[in-house]
Every structure is written in structure tokens, then in C-alpha cells.
Amino acid sequence: MNKFESVYRKYGTLIVLFVLIIIVSLINSKFLTMYNILNIFRQVSINGLIAFGMTFVILTGGIDLSVGAILGLSGMLLGLMVVAGIPDIVAIPTVLIIGALLGCFNGILISKLKLQAFIVTLATMTMFSGLTMIISDGIPAMGITKNAPVLDFFSQGSILGIPFPMFVLIFFYILLLILLQNTVFGRGVYAIGGNEEVARLSSLPTNRIKTLVYVISGAMSALAGVILTSRLSSSQPTAGTGFELDAIAAVVIGGTSLAGGRGRLFGTFIGILIIGVLNNGLNIIGVSAFYQQFIKGLVILFAIILDRKSSR
Amino acid sequence: MNKFESVYRKYGTLIVLFVLIIIVSLINSKFLTMYNILNIFRQVSINGLIAFGMTFVILTGGIDLSVGAILGLSGMLLGLMVVAGIPDIVAIPTVLIIGALLGCFNGILISKLKLQAFIVTLATMTMFSGLTMIISDGIPAMGITKNAPVLDFFSQGSILGIPFPMFVLIFFYILLLILLQNTVFGRGVYAIGGNEEVARLSSLPTNRIKTLVYVISGAMSALAGVILTSRLSSSQPTAGTGFELDAIAAVVIGGTSLAGGRGRLFGTFIGILIIGVLNNGLNIIGVSAFYQQFIKGLVILFAIILDRKSSR
Amino acid sequence: GGDSGEGSGGGEGKEKIALLMADLGNPFFHVLRDAVVNQGEELGYEVLVYDGQNDASKQPSQIEDALQKGVSAIIINPGDESSTANALEDAIAQEIPVVTVDRSVDVEGVLSYLVTDNLKGGKLVGEWLQEKMPEGGKVIHIEGVIGTAPQRERGGGFLSVIDPKENPDSKFEVIDTAVGDFSMAPAEAAMSDLLAKHDDIDVVFAQNDTMAVGVSRAIETAGRQDDGIVIIGFDGAKEAYDLIEQGKMSVTAVQDFEFIGSEAVKYVNDFLKDGTKPEEEVLVDVYMSDEK
Amino acid sequence: MSKINKSFGDVQVLNNAGITVKEKEIHALMGENGAGKSTLMKILTGVYSKDNGKILINGEEQEISSIKDSENKKIAFIHQELNVLNEMSIVDNMFLGKEHKNKFGLINKKSMINLAKGKLQLLGLDIDPNTLVKDISVGNQQLVEIAKALLMDAELIIMDEPTAALTSKEIDLLFSITRNLRDKGVSFIYISHRMEEIFELCDEITIMRDGKFIGQKKISETSFDEIVSMMVGYDLDERFPRIEREPGEVSLSVQNLTKKGRFENVNFDVRKGEILGFSGLMGSGRTDVMHAIFGSTNADSGKISIDGKEVKITSPIVAKKLGIGFITEDRKNEGLVLDFSVRDNTVLPSLLSFTKKKLIKDGEITKVVDEYIKKLNVRTASQSISVGKLSGGNQQKIVIAKWLITKPKILILDEPTRGVDVGAKKEIYEIINQLKQEGVAIIIVSSELPEILGICDRVGVMHEKKLVKIIDRKEATQEKIMEYATVGGI
């Protein structure tokens, strides 16, 4: 009993995930086919990459509402570049850098000018979406992957049978996990979220760390933008709208505190899987569109109540 | 000089508002006509009412993302009731109470179960929108105000030449200002935002106060829903989507800290006017839709930087 | 892209027409916008374009703003049937001609409704399908933003023909419905899920072409492009024709936005010149097309 | 450091302040609350920058413009406020910003843990360095901070009231380590309000008043009274003023109060006009008992009666209605909303009594707050400055004023003079005495034995979550109390 309790305490949301999986697979056996499992991973890779970056931001006590807009802008830039004939191996790193720079813009405003992250990224979200509209004239770029084999590989390719988006997701999970758990920078991220004043008095470069988390978030969003563009083989001017809320939900469901200082990347991974399984499962079960939203909200609420109960 | 500085410190955002007004009216003289001024007030009344409620929530250190969904749900309920033949003088108070109850649901989850406001209201936002879909079957209720004179009055009526929505806005501004500045409840709102534990140990009923701010926010959202329904003479299932961000922006532009404990309702009033003048002004000047978004983000950023500079 | 509005400096003397679009985020509506703007310029007007950004509650304010700027006429593509009614009443009271395009508005005194017949369009899709596949088949229905008129009308028209519950003669079976919000990414995701669920799919009807493109991509990603799934879109957008040409999509139901846009300006122009009134309600037919 | 000036806005906080510390010396820095001790040290360690003045290190003038600068000059600073991260482990806290890296640039946990263990053992702390800081007692958290300073191999260690949260055993240990390091060549600046410690530990003393350097003395050549009069500017006669009074009827009676894991079977009475002291080691459960009486945590079982009637105190709201006031031990987290004005803090629990038809009467509040500022001799520029800007002692007086306004029948004071200077301490004792005179039943929890012995009528001693003994003042001695507190009985 005691053993169970301690497992439950540590992995409350993991249990939510398993229960979800069991329920859905009991209702429809198609759920647990290899195709569908890979399908889910492919789908969550976009939200996942954003949520990983968001985890860093939230751990410092910040928030990044501009991730969806950065995704949209970098996806559109990618599309326009490729259509203009720039090779994809050049265009892809370029938009990743641009994503990082957009994040850096957020980060500098937040750390140097000491503005509130919520409102800064709300404003830049609007600005970046506006920029996407301006550069695209509101028109999508279509059929992008035709002459862009590398870009195409980002969604269609696979390595050892693992779809490439899933591969990217896991690769960055490991990379960012090491960054967060085993580097001085990672400690700084937790320290700033725990108490920025204490971090400062310990002579940590708080401004630099705070800027960097937004750079990571921006770069991850741009990477998600590359994958989405590849998946759709087109750049939609409105792509990314609302993605910030899904990413934040994943992070918080994963047990990271919005107050900062407490949370794990592993939790975020579970969080994105819960959201992914939920979205996929509701379709697989065939729940009517009208009820899907309601049930989604309910499950999220349930997951955080459970997490709360387990952590205290 | 010193005098100016202190004014500037106190009213930084007021200056942004005036500068905006001057710029727009220099470009187009139609801006400062009585008709257009009343027009702006009519337009901001919906965001304004929500933002007033949101101010209470944010002052306690919380946030309410479900306001738009509550607006949508109560607007839809109102529409269905009126269409079903229930007199508007009955239906309007009913939906206001329902709005308050939905807010109460948020409040209890946040105060009693000690869950994070952000994620609770994100989940209930999804649930409430889902409910709107379920009860309406996705079909808007149309032509509602035809046999509902009271409801019609909510957007079309005027008192002493003042459009009724503006009247409602000012009435609730005064009412809520008194509630916030001159009652024990109001002081409690600030105290909880400042330090909840201190408030609790000072024998304030913290849970009740925290629940109540969400009740206020819910009721204000429902009221905004009534005005919107009246304005559109219809209840749209997707009404209210994204309204939360505008309301939060108004509150923060108005100088209220998202950390809670610090801010004023007057600031929120300026905040909604800045957003309103911006929206109206960009249209009046004739800025293309694609550029509007970008400029809006820029002005918001500018306003908070100015506010920051003035407060420190 | 001639999104105007910024022309306030240049066109001092010109009369102004306000064009209120429901959602320029949907590229297909650019066809309508461009048709109005081009025809307007040809006839010597300055066209002010407003974008409702897919939010019906934005449009009333935009009408008020337009009136404020002293436009001589309003052409509106309303987000829904009634949101703008009160605001348009004000305009009509000021004797400003109002033409609604693509969707109607529930208000008296509009100069003309120039409306795509979405219901008929939906039926047409169904009838086309019955003719093409008399033996019937399994159908997936991808819907647009729930609660909007095109979603209800296109879907309603389609189901009235295809769904055995509404038409007992139908040999088709609607095996699943999903929501794609009229945009590509959600449609692609939903279709990917449904491909996991169903091994046997004959037809996918997407309520607009953007979603149809997403559906086609999902099928490609799943490696089932050779299953012979018939994909039907709606709108007649460029991307649909591209896919049809590549054999990845079957057909789209075309709304004639070129016609609607230029007609609307002509109605306004005639009325402003000499008070000629067009027919109050012009239902523009949809036609099925699989070639450019 | 000499001729240091510093202003915050219009307020000049340091005015010709200075201190000279020799090698191998433990140098005391004393002064009233708000004298500028912490500010001076923050300038030395790069937290604040000075307006002007000179800093000489080993005879050379140095600019210290950042915290890093001072660390490079081998200066370590243990701040007055606890600066630990609760959600992090002990070892991570100790090495924050100075983590060991392996050849890949990744954190080398093993070498850090080994080093941390050694330093912790030196301080008599035998805990797993991977324990989260929030799971150890406040006293141990303070030791972790000290261990962190030791890691730096500093040549000058500044300790700003390090013993406020330590037990006497821990203090003894700290002192012996300090002396040890001094003998190895490390210098210390030691800030404290506890006179006994200064005389026990330090070699030299510098005294500040109102941001000015007042004087420097050898400890061996000065006296208690001289230091105090230099600090406060006048002679302070008796440290623990007391009044005698016959106690009245039993006001509060606690029977078998138990909360699992926190305290067990606590039994005591307090009478009207009586001061009951609570002594014990840190973590013995005193604070938890007080919270249970005040309803801010709920006990599992037991009975509480007030004036002979049994009551159920389920929340602080109920407690206040019953006439209980509670001055909490943690000013910063439990006592004051630091951003709020003096005035708003002062009336927070008593707001309801200032309303008419539900509306707050601000004029009346201003009057009452003014009255209490005068009565308690609070040094503040105005009612409307934020309370966080007051010095510790004055903040403490605001917390007291807060509850005095509610006119309590029973007043609980948990560590009411922690971090408060001698002058202000005496003023607080006088306030307590006046309440006693008025017939209020008073409970004082304190870790300072002289204080407990000085002003209480009876002393309850807690040991490992149990109230083991209540001793009458006449029989109480330091030794006796310590005996009960450390081993639970004789």
C-alpha cells in the first residue's frame, strides 16, 4: 500500500495517461495498433517540441504566449524561401535561427527591461502574427515539399522505422533533459524560478539565463514550424494560432508549477502524450465534435486535481 | 519638472492614451466627433466589463481564461431562452446568475482545491465552450431582439444621450471601484495578492474572497454576453473566443501586476480605452488589416515599457 | 494583393466603398476581395477593406468605423446572418446602399443579397457523388468551424442526400465525422486519426478546399494514396485545382467569387449613379469542377 | 571601508559609515535596527553600489561593482534573510552558481556531494546532501548557508544575524568553527543583536548609529552598557522591565491538544494578566501548537476552552472573534504584506471595525494608525510608505500594532523580538507589560532564555513535540530550562 502510494505520488499523471490508454483501447482496438501509436507520436511532436521549450520558460517563472506566432512566422518564411528557390538545407537552419532571434527579442524585453513575460509575449504574439500576414499577404505557400527533399523528410521520412518527427522529439527530449538536469545553465533555470533574488545573490547571470530560455523556446517553436510545414507541405498564414495554450496545458499537466522553480521535463513528456492520446482517442472512439471539447476540458481538470492530490 | 515627473509616474499610460488620441485625430478629424467617441465607448463596453472583473481576479494573483467562454455560454443560453419564449426580463437576470455560478465553479476549484488558476480556467474554458456547442447544437440563435425590447435596449437604447452599454460600463466602473477601494472585501483582494498567507493569518476569509473574485468575473462576463447578444441580435456558438486575452491585456496595460497585490481599476479603464482607441483609430486612419495587428502589438509593447519606466 | 485602406492619402476626391470581409485568414476569400477591389478601381472607387478575422463580433465595430469615415456604400461578407444587423440598420438609415456577398444578413432594406447557395452546393456534392458511385460507399465528413453558416448549410445539404437517415434511398454510409475548423492542420490531424481507425474508406468530403488539401496530405503520409479514396472539396480554390491535376483529389464545388465580387460593385455603382436597384436576392449557383 | 555614503531616493541611509577589519579577527558590527549595517555590507559585497567613499582591501583601493567582484576578492556574505531555494537539494543550494563540471561541461555531482558532505559534517550536520532544503528545519537551512560560505575558501566572511534561527547547541558549534577559521587566518564581520554572543565570540566591535560610524572598541576594553549607549545614544537602564500583578481567572485552557507528528498531549492554562513563556529547542513544536490554538492549522484532538467555555477554533477568523491575537514568528512570510503601506498592514485584521454600512471609513483608520505609531514609537516616514522599507524592529512593532488594534483578550507572541535591537526590545517588553496590566492573557514563545526568564511569570518547556514541564518563574533558571528542553526531564 505504502509502495503504491509513493509511486502514485511521483507518477500521478502517468497513471492518468495509462487509464486513458486503457479506456480508449478497450472501446476501440484500433487504438493500440503500431500505425496509430506512431501516428500519435507524429502528431504530438509539434506540440511536444514547443512544450519542451515552454518548460524551460515556465521553470523560470515566465510564460511564452508567442510560441504559436513564432511557429507561424517561421513556417511562412520557410515556405516563401523554398518557393523562391532557396534550397531547403539552407532555408531550414535559417528559420531556426530566426526563431531563436525572435525568442531573444522576447527574452531581452523580459530580462533587461524587467517587463512581465505574459504581456510582453502577448504583444509580440500579435506582432509576429501580423508580420506573417504582412510577408505572406495572407496567402499560403503551397506544394512546398515537391522540390525540397530534406524538408519533406522532416515529416515523411523515418529512421529505423521511427517517423522522423518522433525521432526529432525524442532527440530533443534527451538533449534538453541533459541541459536542464546536468548543466550549470539548467540549475540556474530552476534557481531563478525558485527565487530570482537568491539566484542573483549567488552571482548567477540571471538576465542571460532568462533571455536564453526564451531563445530556446523560440528555436523549438521554429523547429515545430518546420515540421508542420513539412507535414502540410504548405505554409498557412494562420498556422500556430492557439498552440501556446496546448503547450502550456501540457507543461502544467506534467506537474510543472506556473510559479516556477518546480517541475520536470519528463512530466511535460507525459503531458503532451495525455493531450495527444486524448485528441486521437476522441476521434478514434468517434465522440461527436460537440462533446469532444467538453470531455477534453474535463480530463485536463481531472488530471490536475489528481496531480494535486498526489503531490500533497 | 519634478511636478511633471510625478504626474508621469502616476499616469504613464494615460499619456499613451492621449498621445494616441492626438495622433489619430491629427490624421483624421472625424475621430474626435461626438458620434465616434460614443461609438468607441459602445465598442469597448464589452471588453471593459470583462476587464473590470478580470482586474479583481488578477489583483488576487489569479487569472481567468474562461471569461470568453462564459460570455459565449451565457449569451447562448440567453438566446435560447428568448427564442423559447421566456421574457427577456426573466432571461437576462437568469444568465447573469448562471455566469456568477460558472465563476463560482472556477473559484471553488482554485480556492478550495488550491489548484493553479491558469490551468483551471484553461480547462473550464474548454468545458464551457463545449457546453455552448452541446446546448446549441452548433446553431446560432437568430433575430433575438425582435420580441425582446429590454434586451434590445441593452445595445440600442440610450439614457440622456449616452448609449446604454456606455452607461452600464460607467455604472459598473463606479460600483466596482467602491467595492475595491472602500470595502473590507476590496482590501482583502489586495492583501491576498500581496501575500495570501499573511492575509489568512490576519483572519481574512481568504477562500471566500478568492471564490468571490471569480464570481464577479463570471457575472461581468455574462453581462458582457448580454450586451454582445443584444448588439448582434443573435447568439453565436463561437462568441467570446479570444476575449480573455484582450481583457488581460487591458488590465496589464493599466498597470496591474500579474503577480497580484498591485494595481487600480482606473488603470484598467485607461487600458480598455487604449485598446479601443487603437482598434477604432487604425480603422479610421485606414491602416490595412495586415498591418493593424503588427501595430497593435507594437503599441501595447510601447505602453508597458512606458509604464515600467514610469513606475521605476 | 490589393488590400487597400491605406489609400486614404491618395484618393482624396474618390468616393469610397467599404468592403467588410469575414475572414481574410482564409485565402480563398482573397479571390472575392480582389474581385471587388479590381472592379471598384475600374469604376473609379476607393475600396476600404476590413478583415473580421473570423470573429463575428468585430464586424459591427468595423461598420461603425466605416460610416465614420464617410463611405458611400458598403459591401459586406458577413461572419454570420445577424451579428451585423443592428449596425447595418444604422447604415441603411443613413441611406447608404448595402450589398451582402456570399452570406445574407437578417435585416430590411438591403440593396441586394448576392449569395452563394451553400445548401444547394452541399446537395450538389451529394448528387455528384451518387451519380459517380451509384453502388454507394463509406463516407467521412470533415466539417468546418462549428456554428458557422457554411458549415451547417454545406453539411446539411450534403447529408440530406447522402445520409441514409435523411435519404433512405442513399446507399452511402457516413462512417465518421470530424472537425477541421476550415483549416489545414486540424483537418490533417483528424484525418490521420481516422485513417488509423478505418481500413476501408471510399469518400472524404471536406467542407472547404483547404481542409481537402490537409486530408489528401494525411492520406499520403499514411501511405494510402493508392486506396482510391475520393476526396471532395468546396470553394474552387487554386490549391484544389493543383491537387486535382496531380490526381490527388477528385472534385471541388466552385463558388463563383469572381462573379459575386464584380457584380456587387456593379450593383452599387448603378445605384449610386441613377438609383437603379438590382434584384433583392441573387442566389449564385455552385458548380462542380475537376479542371482548371 | 571608510566614508561610505548611500541614499535610496531621498533618504540617506549611510552617512560617513565605515569599518576596519584586521586579519585574523572576529569583528562585531552593532547598531539599532535601521542603522545601516546590512546596507553597508551589501555595498562591500557588490549587491548595492555606493554613492561615494572608499573600500580598501589589503591596503589597496578596490572597486566592487558586482557580486562576482566581491566573490573574486574572497568575500562571502551570509545574508540576514535566509537565501535558500526550497525546491532544491542541499548540495545544489551550496554550489549554486559554482557547480563543479566534468570534462564534457556537465555537472559533476559526485565531487560536489563529497565536498558538501565534508563541510556539512564540519558543522555537525549529518544529513544526506540530496535532501530538499524545504524538508529540513530552518536552523539547518541556516547551517547550509554557512556551509555554502565555507565552500568559497573566503578570506572574509560576513554573517548578518546568523544565529536568529539556531539552537544553543548549534550556536556553540558555529562559534567554535568560527574561532577555528579565525585562527587559520580568516576574518569575520559578525552582525547580531544578541549582546551575550558579541562578548563571547568577538575581538573587536564597530558601532553604527543612523548610518554613521560611531566608534570602534576592543571587546575586552568595553562593557555592555557602553555599547548600548553608543548604539542608542542614551543610557538604557533595565533590559527586562517587569511589573508584578496578581493573575486573574483562567482565560485560555488547553487540554490534550494533539496533532500527529507535530505535538502531543499539550496541557496548559493561561490566566488573565499573566505571561506564560514557551521555551524549547528549535523544532520542538512550539510554533505548531500556537498555530493550532489560532486555528491556522487544525489539531487532531484535544480541547480548548476560553473563559471556561469549550470552543472549536477552526480558522483564524474564529480565533479573532474569540479575542485571540497571534503575532507570528516569520515577519516576512506570515506577518506583513511587504508591498503594502504601513497603514494598510496595521489595520488588516481589524478592518471590519472601521466600516459603516459596509464602507471603510478611511479618516478613522488614519487617526487610529497614527495613534499606534506614536504609542509604539514606530520610526516611519509616514503611514503610506511600504512596510518593507522599515527596519526589522519597526516592522515587528507594526505586526504587534496590527493585533493590538483588535483588542485581544489573549495574545500569542511567537519570537516577538527576533532580530530586534536592544532599545526596541525593551519597548516591546513595555508594551507587553502594559497589556498584562490591562488583564490580557499572554503567551510568549521565545528561544532567548534571558528574555523568557526576564519577563514571564511561568515557563512551559517543550521537548520533542511534548510540553514536558511548566516551571514557575521563581524556580526557573537557565540550566533547568535547558535540561528539560534537551533531555525532556531530570
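Order of writing sets the labels: A, B, C and D. Residues in every chain begin at 1.
Methods note: a residue touches a chain if its C-beta (ideal position, glycine included) is under 8 Å from a C-beta of that chain, and two chains touch if they have at least 3 such contacts.
These numbers were taken from a predicted model, which means no experiment stands behind them.
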B-C or A-C - the one linked by more C-beta pairs in contact: B-C
Whole-Å separation of chain centres (CA-atom averages), chain B against chain C: 32
For chain C paired with chain D, centre-to-centre distance based on mean C-alpha positions, whole Å: 71
Distance from chain B to chain A - Cα centre to Cα centre, in angstrom: 29
Sites on chain C at which at least two other chains make contact: 3, 24, 146
For chain B, residues contacting two or more additional chains: 133, 138, 289-292
Chain pairs that touch, as defined at the top of this document: A-B, A-C, A-D, B-C, B-D
For the chain C and chain A complex, residues of the former touching the latter: 1, 3, 24-25, 27, 30, 143, 146, 176-179, 183-185, 188-190, 192-197, 210, 213-214, 217, 220-222, 238-239, 242
In the complex, chain B residues that touch chain D: 178, 182-184, 187-188, 190-191, 194-195, 197-205, 261-262
Chain B-touching residues of chain A, taken from the complex the two chains share: 65, 109, 113-116, 118-120, 122-131, 133-134, 137-138, 245, 248-249, 252-253, 257-259, 289-298, 300-301, 304-305, 308, 312
Residues of chain A defined as touching chain C within the complex: 28, 30-31, 33, 35-36, 39, 42-43, 137-140, 142-143, 155-156, 228, 231-234, 236-239, 279-280, 283-284, 286, 288-290, 292
Complex contacts: residues of chain D adjacent to chain B: 294, 296, 315-317, 319-320, 326, 328, 333-340, 344, 348-349, 351-352, 355, 358-360, 362, 402
